[in-house]
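Below, chain A partners chain B and then partners chain C, in two separate complexes.
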Partner chain A sequence: MIGAGIVGASCAHALALAGLSVRVVDAGLPAATSAGMGHLVSLDGSAAELALCSDSLARWRALAPSLPASGAYHRCGTLWLAENEDDLATADDKRAALAMAGIGSELITPTRLAALEPLLRPGLSGALRVESDAILYAPRVADWLLECVGITLERAQVTALEDQQVRLADGRRLGARVIVLAAGLQAGALLEGLPIEAKKGHLLVTDRYPGRVSHQLVELGYGASAHAGQGTSVAFNLQARPTGQLLIGSTRQFDTLDPRVEPALLARMLERARGYLPALGAINAIRAWTGFRAATPDGLPIIGRHPEREGLWLALGHEGLGVTTAPSTAALIRAGVLGEHPPLDPSPYRFERFRASAPADGQR
Partner chain B sequence: MNERLPRECELLIVGAGPAGMAAACAAADHGMSVVVIDDNPAPGGQIWRAGPRVDLPLRAQALRERFERLPGLRLCSATRVIDAPAPGRLLVEREHDAGVIDYHRLLLCTGARERLLPFPGWTLPGVTGAGGLQALIKGGLTVRGERIAIAGSGPLLLACAATVRAQRGRLVALAEQSPWQALAGFTIGLWRWPAKLAQAIALANPRYRAASRLIEALGERRLEAVVIESLGERREIACDRLACGFGLVANTELAQLLGCALDERGILVDQHQATSVAGVYAAGECTGPGGSELALVEGRIAGLAAADQYPLAAALSRRRARWQAFAAQLEQHFALDSSRLPPRRATTLVCRCEEVTLGELEAHSDWRRAKLASRCGMGACQGRVCAAATAQLFGWAPPPPRPPLSPARIDSLLLAGMEEVQE
Partner chain C sequence: MIRLTLDGEALVLPEGTSVAAALAASGDDHARSDLAGRPRAPFCGMGICQECRVCIDGRRRLACQTLIREGMEVERTR
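The block that comes next holds the complex of A and B.
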């Protein structure tokens, strides 16, 4: 397993539970799992995205009672905020789509919304409430998943992928019947021709203000921002951490690998957040940071066997949904590796979907 | 009092301690428009902190008076830098407002802070840094009749003891971890700096014990006693306060945010006090702890260099070298010896914001992993205390700073998006 983020850890955990002996190699580089929000959310950008979210959220719910307290799993629910009648129509479409996938949600009137979240500005048109959505603290959960019989964790950098073995920075080689590449953006350095691209994001966390906000709050325009193919976009997304801290997002940028916080863009993001929650203006921010999402052209992750490389499996390109969809990714990888019946149709996530028009590569 | 924040200036100085005041005088004398921002309510920095119980040295009073009457100077007290949103621009915040200030040149005189090290009992009320206790006393805290123990390393212990004595506190222990040989070597070397020798004699204290190690602070609700080991023997000493000094750490966060290179002591500067970033200078203890005399001469050189008065600046380099040599003596003789630091205990709290213990951190190999697993350093202090402590205890490289540099209102951060001057 190359990568000990939430996806690598989930895959390692699933394969170890299936009886395989798993070695996880991780370089400890900054990665999406530690930078992200830890929102377990049902997105419906496409049927395949929703199917993966829906299957995965059920798996998180099943796992929740076993998670350590430090994993901070909390079923806070999501409120998708509607600013106008158009948004409300979008909300209703989303409700119908979620219902098809077996996820319950309800439209909330402005009065009810104000009662649920009194700090929201007056004049919103309502919201869609998805009660089954949750949050967790992904770095801790990933570590916990790796504390499993059958897993050894190696802090080392993989410098090359070879046939059924990897080369490490210190020159050692590790051989394995199955190699799973779950290294997010770093995977691009190990395997040519991966259609993944960095999308930079900003987050900001405040000091502790317990009890001010209880749901994950997201504007309905978030989906459009999340699925945009280019340009810089900002969308309101706010989460109350169990500490009482407020975690505020979000931005999406292409064509940059500079990890510095961009104050002007951060200001745009905060302006948007304050538009929904005016009280934020007087609240103290304590830290802002950035991270990079590993995005594919169609917004879906790449999960499954590499078409040419013997014994190589891919679990990457989850963009902003790595934490949400890690358990289903792991279930698909497990089913593939063991030749079991997959829990959901694996075809939308296969690497081959990008290969029809592109020249064959990846083979050396 | 609370007039509007200035919008621009030729020279922006961050910090109104000795270095910042000396630099402001030098630059203003050569016609520059100078803005000084300082997070304290009054100029003077940590060493010349103003307050009801303060009896400042004449030299400090003279400099302060001259500084406060400088033509072309705007002093913004109680003002914090929270971000550097664009080249040539800082974002600052005060209690009731915030703003951006544009500059042609920037001088960092951000000083140093006390290194606080975790040891059993260090979070008990009554335990402070040695400089912290001095600041509390200058601010009006009464210690008359209180039993006070002072422990750690460096001349700050003696200065703190003198302050305590002047305020009629009862000094019950003054434990220096450096051995007698080092102290004797330091004192003998002082003939080169007669004023410092005189100061050392004035500060001499009959309770001073070398080669002494602080073991722990004891108490239920607040500090009741300290345990100090000296000559292989541990003694419990009843006390009301414990002031610890484990040296200073340069405040380099703003410099790092601007991209300035550092060395192991602080911000890296050349002979003109210029940093690795064009137009940005640094002077005083943020370039490495060295005392107020060194800060003053560095500040003057930086102020002159920022005003393009290079020959005048060069004329001061010998004086700077003299005080740099003094700083090197201090560093050599009062270096922290890890075998004389207080013993570690797994249950000792390291990060007070997030309540993380030493035991939780020891399993990790670097700051990043430790932080992600334990939340150490994720609190409102931004890891200033615990990152400096883990750098000393485990040799972990401290994390690069992230904006905002100190907790700031979201309304203030919105100003970073401001493109043009708004009048």
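The block that comes next holds the complex of A and C.
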């Protein structure tokens, strides 16, 4: 397993539980898992995205009782906030789409919304409440998943992928029947031709203000922003941490690998947040940071066997949803590696989908 | 001299004193408690570490970045 982020850790855990002996190699590079928000959310950008979310959320629920308290799993639910009638129509479409995937949700009136979240500004048109969504603290959960019989974890950098072996920075070679590349954004350095691109995101966390917000709050425009193909966008997304801290997001930017916080963009993000939650203006932020999502052209991750390289499996490109979708990713990898019946249709996530669309490209 | 209160107790200190210095002058420099209830005190003194968060006149502020003012009410945060 190359990579010990939430995706690599989940895959390693699933394979170890299946009786395989798993060696996890991680270089300790900046990881999306330690930068992200850990919102376990049902997104419905496409049927395949929703299928992955719905299957994963059920797996997180099943795992929840075993997770350590520090994993901070909490089923807080999501409130998708509607600012106007158009948003309400979007909310209803979303309700119908989730229902098709067996996920219950309900439209909330403005009065009820104000009672559920009194700090929201008056005048919102309502919300869609998805009760089964949750949050967790992904870096801790990843570490916990790796504390499993059958897994050995090694801090080392892979510098080359060879046939059924990897070369490490210190010159050693490790061989394995199966190699899973779960190296997130940095996977591109090991394998040419991966269609993944960085999408930078800002987050900010406040001091502790317990009991002020109870759901994950997201603007309905978030989906549109999350799936935008280009340009910089800002959308309101707020999570109440179990500590009482408020974690506020987020931005989406292309064409940059500079990890610095950009004050102008951070200000835009906070202005947007304050538009929903005016009380934020009077509270104290303690830290802001950025992270990079590994995005594919169609917004779906790449999960499955590499079409040409013997013994190589891919589990990467999870963009802004990899914490949510790690368990199903792991289940698909497990089924593939062991030749079992897959838990859901694996075809939308196969690497081959990017090959088929470019038949005239002689270089492939 | 400037008069302020710290957790309700009166302090009189020279103008130009930071709230962090006022905490130290009170004989107990702790500013707040962490999640496990352990005391935390100002550390960097320059607005970076965020360890010195206190409540000043009802708002959460950094003790090391705030100068005392007449009548100021400072409370340690929990």
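Here is the rule we use: the second predicted complex is superposed on the first by the 356 of 364 C-alpha atoms of A that agree within 3 Å, B and C clash if a C-alpha of one lies under 4 Å from a C-alpha of the other, contacts with A are read in each partner's own complex, and residues count from 1 in each chain.
In this text, a contact is a pair of C-beta atoms (placed from the backbone, for glycine too) under 8 Å apart; a residue touches a chain by one contact, two chains touch by 3 or more.
Computed from a prediction, not measured in an experiment: that's the story for all the values here.
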Record, for the superposition on chain A, whether partners chain B and chain C clash or fit. clash
Report for A:344: first if it touches chain B alone, second if chain C alone, otherwise both or neither. neither
Does the superposition put A:261 against chain B (first), chain C (second), both, or neither? first
Look at A:207 in the shared chain and tell me whether it touches chain B only, chain C only, both, or neither; answer first, second, both or neither. both
First (chain B), second (chain C), both or neither touched by A:17: neither
First (chain B), second (chain C), both or neither touched by A:288: first
Touching partner for A:67 - first (chain B), second (chain C), both, neither: neither
Quick one: is A:114 in contact with chain B, with chain C, with both, or with neither? Answer first, second, both or neither. neither
One more residue to check, A:97. First (chain B), second (chain C), both or neither? neither
Based on the A-chain superposition described above, do chain B and chain C contact any of the same residues on chain A, and if so which? 207-208, 282-284, 286-287
Chain A - residues contacting chain C, complex: 207-208, 243, 282-284, 286-287
Residues of chain A touching chain B in the complex: 28, 30, 34, 139-140, 143, 155, 204-208, 261, 263-264, 266-268, 270-271, 273-274, 280-289
Of all residues in chain B, which touch chain A in the complex? 83-86, 91, 365-366, 368-369, 372-373, 378-380, 382, 402-404, 407-411, 413-418
Contact footprint of chain A on chain C as seen in their complex: 35, 50, 53, 59-61, 77
